[in-house]
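Next come two complexes, and both contain subunit A; in the first it sits with subunit B, in the second with subunit C.
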Partner chain A sequence: MMGALHRDIATIIIVGLALVVGGLVGTPYILGVLIIFGMVSILVLSYRTITTMGGWSFAHVAIMGIGGYSVAIFSKAPFEVPVLVAVALGGVFAALFAAILSWPVLRTRQYYFFLSTFAAGEALRQCFIQIKEITGGTAGIAFIARPGILPDPSSAFQFLWLVAVILVLLGLFYAALDASDTGKKIKAVGEDEALSSSLGIDAWALRALGFILGSFGAGIAGGLFASYNGIMSPSDINAMLMFKIVAACVIGGTARFSGPLLGLLFLTLIEEIFRFVPEFVPMIWGALVIAAIILSQRAGGGLKLRKVINA
Partner chain B sequence: MLEVREISRAFGRLKAVEGVTLSVMKNQIRGLIGPNGSGKSTTMNLISGSLKPSAGKIELEGQRIEGKEPHRIARLGLIRTFQLTRVFTSGTLLDAVALGVRAASGSPWSPARWIPAGDQAEVNHAALVALERMGLAHRANELAGSLPGGLRRILTIATALAAKPKIMLLDEPLAGLNATEKAEVANRIEKLRTDDVSILLVEHDMRSVMRLCDRITVLNFGQVIAEGTPAEIGRHPDVIKAYLGQKRVRDA
Partner chain C sequence: MDLMTRIIVAGVFACGLTGYASAQETINIGVVQPQAGECAQWGVPITRGVQIWAEEFNANGGIADATGKKHQIKVTTYDNNCYTAGDELTAFRRAILDDKVNFILQTFTPASRQAVAQIATENKVLTTSYGAGYLNAKYPFLIGSVTGSPGSYMFLVSHLLETRPDIKKVAIVTADHSFGQAALAYYKAGITPYAKRVEIVYSQPYDPASTSDMLGLATPIFASSPDLIVELGFTPGQQALFIEAMEQLGYKGLYGSEGWTMGLVTERIPAAQLAGRVFSAYVVDASEPSFSPRVSKFYKSYVEKYGQKEWSVLASVAYAAMTTVEAGIQKAAAPTGDAVRQALFTTDTVDQPLFGKSHWGGAEMYGANNWLLTPLPVYVTDDKGGVKVDAVVDVAKWWNANKDAALPVLAQGGQVSANK
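So, the complex of A and B:
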């Protein structure tokens, strides 16, 4: 058991170091790819935590939007909160929203959970569009600052540093959770809810907790995205990003901590290899996801692919 | 230990359970039998909290438990097993039983419980003790998913045992097992009693029920039609008529 934790800690530190080293030697283009990779890594790691409780949410990117808008709103007048503090606030708001949302959506399971979170995510996106006075409607909010804590806020490399540090910190948190008493119970509930409650595990609390702690990471990632892009608009909450997260978890498998990261690495490589024909990338991703699902069924493990990919 | 008084539950017009009363004394094995559809499973679900009774009361060591959530009832010391074998199959036998050990520990909302607490050795030890009591300790490090049916059934009982029950509700623990496996599981159940665990046993295998139980309650059409020792139940005319049909229990 401790072996798994040590391996997960090593994984996340290696990913963080690789990002920084890659940024050091890479071209500006590669720098951009690495920053996106780091931020999406936060999304897939937090998403995996949600899947361990047994539900595949489709609201993750919309909840990420809460983090994005938090930074967009609170870093500006009249609040003028430091950007990093606003990012943290975004994580807290995302977690709070998940706590409220868990009351209705955790009543559903499996396909129904997928559908109800899809509906909740879409409703949230519509709110971002409709509440124009606060969110700027479809145009969104522009001129969002980079964190002032960086010596040179305009430097992409320094931003990459920041993303790597936050990724490692959050990764350590999720790895520790995974190996903890609570994390084990969350996974037990994900595996068999009725059995878990029959033994005295408060299944509802643990499913809610998995959803809330996972959504916290989504909020943080959203805040970083908004600060990096300098703009936050409803178009940032798109199905393609949601699909990328789910695909990374399907292809890499969620049984292990490192699975979704490997899945994301794989998807990113495909994206970059086929950069000259970007219109084909979604199709290739889709084919890979279907192939991964068929293979995992053959391996007899539902959506657990560790035998196939990261054995 | 467990007192069930006049509990009822209807599904639409169907009265699945009507005014059922039964009790389980300390260190007793109480059998609950009846033909298919007689309300045994509903009764189990009402006691364990999966269903809420529409009337009646249930007391566990003097404390009212009817209508409470399943995990709360479990934490008070009443642990059930399921008719369809349910075990955690993602890890080893030890991992599966360790979840039973962990089940009743602290609130998940405390951030102190979101990091590994270094209690793994302690938990594993408790899990190993439970496995040992069910005779599975030598296979502790095998994968739970690769265990054959009969042993898997014993593993469910070991997992339940790890959650420190005062009373266990066993729902057809012998169903679908071959004769050797049945004898093995029955022996393990009998041993539980000597370890201070009371048992409410729903079972179709009459030979085992007659052998294991101190007292038996018989249900038919959701109502108790007989209660008594195995010998009395074997002689009871209503039981023979309603449930046992031509099977000659007298010889059992």
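So, the complex of A and C:
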């Protein structure tokens, strides 16, 4: 019987391989869909790490923006840092921001945590708009380069490879964290903070660690987004993407890595199937989330169907 | 004829029709606009404008290219999540890479145009807008096929200041997003030639989220005592709420914008109260019958299909933008993005089907003459909530006379991309 860690590792490797194989056989359009799927997969996996500490943040996409703007700013003159280094810097800056943010927001719980992260995310988005000299204001920063490390930076397939590799590496890191003593303590704090504290566990530090490490992944994903799209603007930090991440976790469940990824796959399929009637996609997503909440046995547990698949 | 013969004849006829249809080479046109949420108030009428334009041709067997060959037009819509640059690019990827569209109509929003510049050019998909927004010599497949936005803001405010010397104070009300930022720069550029006698008394951009408190937004604007308020960024519904709030505060001056959905405005304020005070200039307003019989016919088709209450000037703006593409298709040997672009740029003018001979311009701003400067009708409301033509601005002439004053202001507002 495969253990939880092995199943998570297998899930991540299968997703990484599926992305590359899909890119080999798919049309140029499918290639684009797979790249975006890969980058959003990094977002949902990193978001899952945050949820293990017991809070559902609404600042994840805004924190992703830190990564995006890091690449937009540092890959251009006068810095001209290699794009991949800028992507890594974006992850570090996102983690640093999360560390600072964790001091006030991790003193809140439940709805208050949700609200405080929502407010923090909005404040961050406003900073991107208002610090025009650095961020380009509402117009953002355009014509961001692809990583020069790729033999052909304009090749979408090579970019997909890069996304798949980063997804697998980050996924393995999060899986290792999940299976480690520290990861187990984070989950214990998430499930019962009072009990964990009574056992001598530093609940605040562990919650902060989960938040910071999850935000690191968001920063990396943001950097990749900026490089792939060639533009980073405040409008890219929008509620729809945040909703998609949360919905993927709600629909698939957060118990194991396969949950959010399957949730995301499901939402992506809906998006593509209904692409000719795009006005209905938000409604269908909304209905799915409501259905998932009704059908799930407990918060964060995911659908019964998912539990059967995951058993 | 027995049943079997009928089936065979029908089958052969159907095959013939299929063959004919494929030989026709359908022209695929993509419309990238918000299809859901609040921004659909803009996106849906724009989409409908393109669809009616296509239906007009399809009903007559299609649009003929320079060889006389007729082509049916297929219009596909794509959502851009309220002009989000990343989603605009995703929509373009779908349209170009999967649906193989030949032409795309998109927003003039500079960030969105920048986001798609490369993919449109690499795939030679002629990408137009109801205005310029962002153009660049490096991206020749990005064009502005009518004067439109954001240039029209400059010409509108300038026209009002020129023809109404009693205007001394102007309030500029723009949203704090990419196209609001563009509008602010263009409004300021239009005021610059009159800077000696006109003062900008309000120009603080607002957060779009703050429009839920319209009275709170309107109060400081009213306190600045403007004679003219020019706006950009409100949805049609918000425009009506804004005018209502200003009127409640006792404002008696003029309003200017790219367009007003007067049906929504007059639900709140009597048309007679606003007669002669509400101005618009976008591209063309089809609800006004005298400017062009063709757009007037389009207006009737629109109202017949969707109803009077659904009318929005944005539909005619999109329709007008497509007529430049139409002129290119009719001059091109084949309806491809490349051939149509070449046909349009054969000379420095285009015989625009609605506006007549119009010059390509924009080099001083964008480093490329890819912006078609069509004459700009300015409209004013009447006492029945309709509009009439106040004047038609010769924008090419205005630009030549005022560009030295306007260019530095536009550059300061981040709207000049020449040499970048």
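Annotations
FYI, the second predicted complex is superposed on the first by the 295 of 311 C-alpha atoms of A that agree within 3 Å, B and C clash if a C-alpha of one lies under 4 Å from a C-alpha of the other, contacts with A are read in each partner's own complex, and residues count from 1 in each chain.
The working rule: a residue touches a chain if its C-beta (ideal position, glycine included) is under 8 Å from a C-beta of that chain, and two chains touch if they have at least 3 such contacts.
Bear in mind the structure is a predicted one, so any value in this text is a computation, not a measurement.
In the superposition on chain A, A:225 makes contact with subunit C only, not with subunit B. Using the contact criterion defined above for the overlaid structures, shared-chain residue A:276 touches subunit C, although it does not reach subunit B. Contacts of A:138 after superposition on the shared chain: subunit C is touched, whereas subunit B is not. When the two structures are aligned on the shared chain, A:235 is found in touch with subunit C, with no touch to subunit B.
When the two structures are aligned on the shared chain, A:110 is found in touch with neither subunit B nor subunit C. Put simply, subunit C touches subunit A in their complex at residues 35-37, 40, 76-79, 81-87, 89-90, 93-94, 97-98, 110-111, 114-115, 118, 176-178, 180-181, 207, 414. Contact residues of subunit A toward subunit B in the complex are 1-2, 5, 173, 176-177, 179-188, 191-192, 194-203, 205-206, 209, 213, 255. Note for the complex: subunit A touches subunit C at residues 27-29, 32, 36, 126, 129, 137-140, 142-143, 225, 229-231, 233-236, 238, 240, 275-276, 278-282.
For subunit B in complex with subunit A, the touching residues are 48, 50, 69-71, 74-75, 79-82, 86-90, 98-100, 102-109, 113-117, 119-120, 159-160, 163.
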